[in-house]
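Below is one structure, written out as structure tokens; comments come after it.
Note that the chains are named A, B and C in the order they appear, and that numbering of residues resets to 1 at the start of each chain.
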Amino acid sequence: MASSREDALRRIAAEIGFDLDAEIKVGGNYVPFIVSGNSIHVSGQISRLDASVVLEGRAGAGVSLAQAQRAAKVSAVRALAVLRKAAGGLERIKAIAHVTVFTQCSDTFTQQSEVADGASDALVAVLGDAGRHTRTSIGVYQLPKNATVELELVATT
Amino acid sequence: MASSREDALRRIAAEIGFDLDAEIKVGGNYVPFIVSGNSIHVSGQISRLDASVVLEGRAGAGVSLAQAQRAAKVSAVRALAVLRKAAGGLERIKAIAHVTVFTQCSDTFTQQSEVADGASDALVAVLGDAGRHTRTSIGVYQLPKNATVELELVATT
Amino acid sequence: MASSREDALRRIAAEIGFDLDAEIKVGGNYVPFIVSGNSIHVSGQISRLDASVVLEGRAGAGVSLAQAQRAAKVSAVRALAVLRKAAGGLERIKAIAHVTVFTQCSDTFTQQSEVADGASDALVAVLGDAGRHTRTSIGVYQLPKNATVELELVATT
């Protein structure tokens, strides 16, 4: 169902204000994806909408759960945009083997899993059963660009 | 040696008060494991004994090294319980490719490797040489449910 | 180009004062690498030069960006030394699928990507195009031995 996945991604991207047709740049000496056999590794995606706008701040200290979930959704959409390019279309993705969601948070914030659901829900909404994944949710001290969320994943084709 | 692995797991589970026959639930929109080729990815396992009891707190600030090592052992036993189900028996596990152990700690606690040995020792005790693994040990700011440890792993069959 | 990779590694190791011929020991119940099919998993390498000297401290609080980048380079050289041994020579490495760089930092330090470039630059300098990788850069609260950087990677042969 190639078109339905693409449609779902476009719908969610529009919701969060992310331009799917913009080039995804990386901020250092690395690449956005590596294809290795039938695995695709995607670099960590911080919660940035574009070159100038980053969803930033610390969950539990100025950033609400809902805002952090939106940041996680932004990271997931970025990863899906990379996957789409890496695989030559989202219809070729068979599974998401693992997702790690890092949330920049306060020292008393314990809802990292709830934040990560913002990403997981987007992956499942776009890919259906193929979007169901294993997951690790971690609360970290500081992320690049003061981003609220960073997400990495490994998919298979 | 299927029975010896199963026996070892039951012995360690009994030591820490973990019920191997209870269903392992996940706390969000994800799955406990994904089988991909001959790899099995296991979701991050926090140090929780059951639905209500979490080994919680911060290593180096109220949680001793021995307590944190026990938390790591709980996470390892949970991961082994998931692997057992994913593979259809622990005897099918050929190797543990990688384990990451995240320890929630104070800003001066530097024994993350010693904490992780609590998990590594359990993996080797149950799986023998097949339980020897690569490992990354990290001290993090905050984990879901205020857990002291979270552990993820990738195994091969 | 086996010899050029080896030469490049020796040159960078000499620059940072790392003895390539020393045995790389692990600090716990785990192994430095696991070969699984055509994948090589390398354990997390902290920024230590040898048994007694660790590049330690917190980026953004006493450790400068340049010092943290050097720490990242040390971790990368250690990982390359492990890979060399695991693969039976660096010429056999076809790709670096993923690198994760954890930087121990202050709560306002946001240049984790710039730190990680210290590692990425070394990987590319030694392996050329085969050293280009996906990457995740995270700022964490505390690392083993108070190290400034810890790096893990997965390579393919």
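As a working rule, a residue touches a chain if its C-beta (ideal position, glycine included) is under 8 Å from a C-beta of that chain, and two chains touch if they have at least 3 such contacts.
Only a predicted model underlies this, so the values are computations on that prediction, with no experimental measurement involved.
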TODO: Taking all residue numbers used at the chain A/chain B interface, answer same if over half belong to both copies and different if under half do.
DONE: different
Task: Angle of rotation relating chain A to chain C [CA atoms, steps of 5 degrees] - done: 120
Task: Centre-of-Cα separation between chain B and chain A, whole angstrom - done: 25
Task: Where chain A touches two or more other chains, by residue - done: 39, 100, 140-141, 154
Task: Sites on chain B touched by chain C in the complex - done: 38-39, 95-100, 105-114, 116-117, 120-121, 124, 132-141, 154, 156
Task: chain C-facing residues of chain A, complex - done: 27-34, 36-37, 39, 41-44, 100, 102, 140-146, 150, 152, 154
